[in-house]
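Both complexes shown next keep chain A, but they swap its partner, so chain B is in the first and chain C is in the second.
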Partner chain A sequence: MTQHISPERIQEIKAARQVLKTYKYSPAAVDKGYTNKTLYINISDNTIAEKEITEEIKDKFIGGKGFGLWYLWNAVNKDTKWNDPENEIVISPGPIGGITQYPGAGKSLVVSLSPTTDSVVDSNVGGHFGPLLKFSGWDVLELQGKSEEEIIIYINGNEGAISIEKAPLEELNSHILAEELTALYADDEEDKRNISVVSSGAAAEHAMIGLLNFSFYDKRRGGQRLKQAGRGGIGTVFRHKKVKAIVIKYKGVRGDSNHPADLKKIQELGVKLHKEIHDYDDIQTRKRQVGTANLVEIMNDYDLLPVNNFKYGYNPETWRISSDILKTYVTQNVPDGCWYGCSLACAKACDNFELKTGPYKGHKVLVDGAEYETVAGVGSCCGIFDMDYVFECNFYCDTYGLDTISWGTTVAFLMECYENDIINKDITGGLELVFGNRDAAMELLHQVAKGEGFGKYAGLGVKKLKKRFVAEYGADKDFLEAIGMECKGMEYSQYMSKESLAQQGGYALTNKGPQHDEAWVIFTDMVNNLIPTFEDKAEALHYFPMFRTWFGLQGLCKLPWNDIEPADNKQTDEPAKVPEHVQNYVELYNSVTGKNIDKEELIRQSERVYNFQRVFALKLGFGTREFDKPPYRSLGPATKEEYFSRQDRYDQQLKEKMGIDPEGKSVEEKIALHRQYREQQFEELTDAVYKRRGWTKSGVPTIEHLQALGMDYPEVIELVKPYQ
Partner chain B sequence: MIQLNNRRETYDEGMTVSSLIKKKRYTHPMLIVRVNGQFIEEEMYAETPINDGDDVKIIHPIAGG
Partner chain C sequence: MKLLEKMEERCIQCNACESVCSKAYFKTDDRTKSRIVINDDASATRDWTINVCNQCGECIAACSEEAIYRNKQGVVMIDAKKCVGCYVCVGFCPTLSMRTHDDELVPFKCVACGLCAKECPTEAIYIESK
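Then we have the complex of A and B:
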């Protein structure tokens, strides 16, 4: 059973509403993937305005994250902080977003200044909001300002009506709020599918790692599904602005709503991929059966699953949180897509999950997931191998508005601090935060949502906690820097990179922080050994981040690219790139926009935005080499217990890679030798990657490179000039 | 000794593609196997011997995550 909202409750909510502003508009028609309009809303003074999107902006920034970065760049200056009213939350789907013939085309990209990195961040998310926004006449929603009171913003795309309303009575937590607002705005049961709600939750008010939920109504389950824009704390920005929700309603989604240039071609491409998925998913990655969770056991087998704050990559108890166990939770046993037409359908859910803790104890709820990152983050990374816990924690993180990846990595960090006597029961308010203590971890999560006890601090994220522990408890700074799994202020996503130099770069040499959506090259590097030299690795760390950035410009999901493969992919020259699918994307883009790009221009489209984002970070005081420095644990064994757990491997590496006989050396000496060697390797990799990307040794794009890309805006050149 | 993905790997008597995959715990469902450059179909893994000195490639074609 999901939450069902009584008509009385809806009346009560409505009665307390007060309209602050209304705005009428004529919804622009979508033409070849664009409406060419941006909706600007300032909630400080309730301004609502329209902006034109020029051809030049489309050429340079394409859409999605590109548009988000452009608008935010213009909205903030070098001193703007995440909690200043000038900071924006920009949401945009991208030109391909909203098509229904090719799997994976319903994503939105969200861009803002981040409370965790203090720099610019982007996050991608499913749910129906982005496509409905476009069909309502807007390529972009640009939200600026800060409200004095709790508000909601409502956009009716059929009527061309927008309102900002005081909303004092709505619930904060997303699973109820999305139900309430959907019930309030839907004409009837059937109409619920036309509504999508963006919201956060109570914990986002007391944490820096708040997320945004994007909803869609699941008719079969009779409840709200929530998809998360998790990374970088944008939910925290949202709640700081006192926005409870943004609601969109648009009725009339059709196969040609995106008005592509060549619908027939898109249909052909779609049919081909649907057939591949039908024929091979069951023998490839089983996305339709278990979502992304099949990675849990694979990562464990390859010693890549984070266990106990990334100390180890394997644990024999992992079967308890494996995809076979997850399958017993996932209900209705049918493929679940997060936007129409996604036959890869990885969006699993469990209905009627009975909660055992917290304010909704005893409620039977719908849990979205659990995805790999969540299982690994709140599960193995915290030493907790219990699927009931994973689902309960997944549910509460989502509804409270907390990113499961950052929360998992943060709790794991706290557990290691606790086990090293850096924090203790006096500090945690009695919580025994040792690895594996699920009850303590769950209680801490509820405390964050209430803003009580140790929960006032636990959601600050690893970077700010490190500072706090050094300043207040005299913790050893070097130790915390080595074990605190964050880079640029963002917590690591859930892959072990110790034995893959390329992946160490894939995490640290990123724009926004260590989220694997830029580059995931562990297998190519560590197992396949296909990129042995620094130059090879640099090439991979150029190509894959650029290729993956492209999904974020278009409103696309990455999974249908390489989580399903054509039968003959194995025999191609570069199977890791899935060449046939790359060509599909080229044709998809051309068929939507009527343009004529090739696979090289596809990469250049990303390069323009990627380099712009790098300079944007520079504008805010980041974006140089020192901010690309990873915590040592992501490079190698930081503690004795890690060394001992793989002593044979590490001793052998001393002999073979460093030419040092480990015999007679203490473990401390061996750790130090590894560290010296691995840090040096990382520096050499950094040089090679910067060079390949057209950057200086300090990690700043060269003027020539920006000129070649056509991104030599005067303000951009001014910023990079001192680093040439 | 054999070469596995351009690294040295111990040769075991009676080694086949299947036994090597098992030994290395290569549980990923999508492997690309070549022995001395020759592509090996999955159905043939158990029957394909690996001899001392062979050059084996077992590629995991994923850039996923």
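Then we have the complex of A and C:
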């Protein structure tokens, strides 16, 4: 159940609207996954214009985040900051995005300069906006400028009409705003399925870790669902531009709306995977039952679940936030895909959740989730093992427009600072921010949304908080650098990498920061021990980031790749790659575009964009080795309590890996020995990975590599030249 | 619940049912467009002869668009206007009785109309109400 906006309220909102600009266009037909058109909107002067997408740009950048990076590259210079009007928010679905037959094919990719990393960031999000944008005639929406007043942008893809309107009365928080706008633009109940809203929320105005919600109408639950472009603070950019929402309406999605070259082949691939999911999901990862949350207990069992700001990997209370408990919250037996045809259906939701706190206390709301990263981030990482709290926090983060991963890791950092007397009640305004204090954590979230009290600072994210605590409270910089779980300014996502060298690289040797979008190799490395040598790990940290990047070029979700496997996958040469599904993707791409790539060219498509993104970071003053340095806690035990929690293992490693007898050594000495060894290992891994990726020792793509990829644009070469 | 029942041992693979079905719903005598399928491949190991929807309704739950529903007679129907051609119902059908064809975006299935039963010379298929 949702709030159900009254007709009177809709009329009131409409009456306060003022049209600032209208634009008519003839929607371009989709041809083999592309419309070949970009919609450019500048909200400083309300310019609306069309741009052609050339074959060369399609060949080099493919679509999705590739297009986003290309447009943003051309829009900004080396000095542009996230809050400059020149910064853009670019949204693009990719050529495969919008097909309805193959699971996970409705993603939008969002690219912008990030307030948290100050570099370029991209985020992959579900919901219906991207595909509806394409069917409305646009491969890309390029939003630039900054409005002086609160506005809404409305695109009607059937009528070929765009308007920019002053929108003073709409609610800011997404769960209400999405409902208001869906009700306002839908002709009737049936028409609600044709609308998608992009929005953020009140907290994004007072935090750097703001997110974007992409909605779709859930017909069975009768309410708006919200999927999140969470990482990198793009919601903060959105609110800084004073955009309340972008709304799209397109009626007429059919099985051939993407006009692929070979629909029959796509249908065959889709039915094959639907059947695989039907037959094996219940005995594999149970995505249809519990979404991604099955990982909570698995990570806990393997000592990999972040507990108390990544100090520990296990807690006996984890059962309270396990998938079995989650299952009692989320509505079952509902096809919970975030785009048509996703039979993996991981997008679980809880109906009629009664809120206990905040401005909507007592309301019964629809909560989207909770997903693994949220359960671990706001739950175990903060020492909170309470599923009611997880759902309440999940709901408020979404509607306020805050990334649950960054918020969870930030609160955990604050809690550790509080327990180490770096901050105290005077600073927090009376909040006792100790691990496990859910009431204090929830109150802090509400303060962020109001921009009050300690909430004015808590949403800055770990990197900016570290600087603040050192500058203002005289905190020990080295200690904060060791325990503050961020790299490049992005907070860590929720896996403990201490005991997996490959995952340490998977997090830190990334383009945009420690997320799980680029590389997730913790199981391959640690549990299955499939990549023992530096070269093996380097190969994995080349292949998997490139393979995963490809999803972001196409408008695809990663989950149907390896969260469901064919029955005989383990008997293949490379089970970690899921070879049959890789081949599915090759054939999907060829069937949509009519081209003829193989699995090697698939990787090259990604390499072109991945290397371009690395050079883009360089252009902005980042993208070199020093920015790939992780916080020590991601490599090993930073504190005595961490060492003691795994003393036998760490002592044994001293003997076996370092040839040092731990007998008679103090814990401080042993921590220092581990640190020296582990940091050295990380440096050696970095060398191996850079070499495999075709980069110099300083982490910059070589000119030869860029030439071989065909990405030797003059401006790109100029940027990398000093580092050769 | 109305459904087309079968007695496979009576089937002589004359294919009359397929012919009448495709003519009725697609105006063509083309067994690849029939909603009932007769296995007459003599070379194949045959563990079934007649494949047709048993109206179990698992596809109703699998459809995100609520395009599949049960009518008053208990027959599972597809609302072509709501279908987005995702084919989840095809992959999720426990008896693989949801049919597709290259010419059609929307899957199709037996709606227990009984036209084929009237044509069947051996009464291998017949309409029942349960």
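The working rule: the second predicted complex is superposed on the first by the 722 of 724 C-alpha atoms of A that agree within 3 Å, B and C clash if a C-alpha of one lies under 4 Å from a C-alpha of the other, contacts with A are read in each partner's own complex, and residues count from 1 in each chain.
Throughout what follows, a contact is a pair of C-beta atoms (placed from the backbone, for glycine too) under 8 Å apart; a residue touches a chain by one contact, two chains touch by 3 or more.
Because the structure is predicted, anything quoted here is derived from the model rather than measured.
Q: Put the two structures on top of each other at chain A: do chain B and chain C fit, or clash?
A: fit
Q: Once the shared chain is lined up, is A:Ile298 touching chain B (first), chain C (second), both, or neither of them?
A: Touch partner of A:Ile298: chain B, not chain C.
Q: Kindly classify A:Arg220 by the partners it touches after superposition: chain B alone (first), chain C alone (second), both, or neither?
A: second
Q: What is the value, to the nearest 10 degrees, of the angle subtended at the Cα centroid of chain A by the Cα centroids of chain B and chain C?
A: In the superposed model, the angle at chain A is 70 degrees.
Q: For A:Glu499, is the partner it touches chain B (first), chain C (second), both, or none of the two (neither)?
A: Neither: A:Glu499 stays clear of chain B and chain C.
Q: Could you look at A:Asp398 and tell me whether it touches chain B, chain C, both or neither (first, second, both, neither)?
A: neither
Q: May I ask you to decide whether A:Thr100 touches chain B, chain C, both, or neither, giving the answer as first, second, both or neither?
A: second
Q: Go through the superposed model and pick first if A:Leu273 touches only chain B, second if only chain C, both, or neither.
A: second
Q: Answer with first, second, both or neither: which of chain B and chain C does A:Gly255 touch in the superposed model?
A: In the superposition, A:Gly255 contacts chain C only.
Q: Determine, under the contact definition given at the top, whether A:Gly341 touches first (chain B), second (chain C), both, or neither.
A: second
Q: After the superposition, pull out the minimum Cα separation from chain B to chain C in whole angstrom, please.
A: 22
Q: Residues on chain A in contact with chain B in one complex and with chain C in the other?
A: Correct list for chain A: none, the interfaces share no residue.
Q: What does chain C use to touch chain A in their complex?
A: 61-66, 83-88, 90-92, 100, 102, 105-106
Q: Within their complex, state which residues of chain B touch chain A.
A: Spelled out, the residues of chain B in touch with chain A are 5-7, 25-30, 32, 39, 57-65.
Q: Mind pulling up the chain A residues that touch chain B in the complex?
A: Interface residues on chain A, with respect to chain B: 283-286, 295, 297-298, 301-302, 495, 516, 520-524, 527-530, 532, 544, 562-563, 565, 569-571, 575-578.
Q: Show which residues of chain A lie in contact with chain C when the two form their complex.
A: Interface residues on the chain A side: 100-101, 193, 219-220, 253-256, 263-264, 267, 270-278, 333, 335, 337, 340-341, 343.
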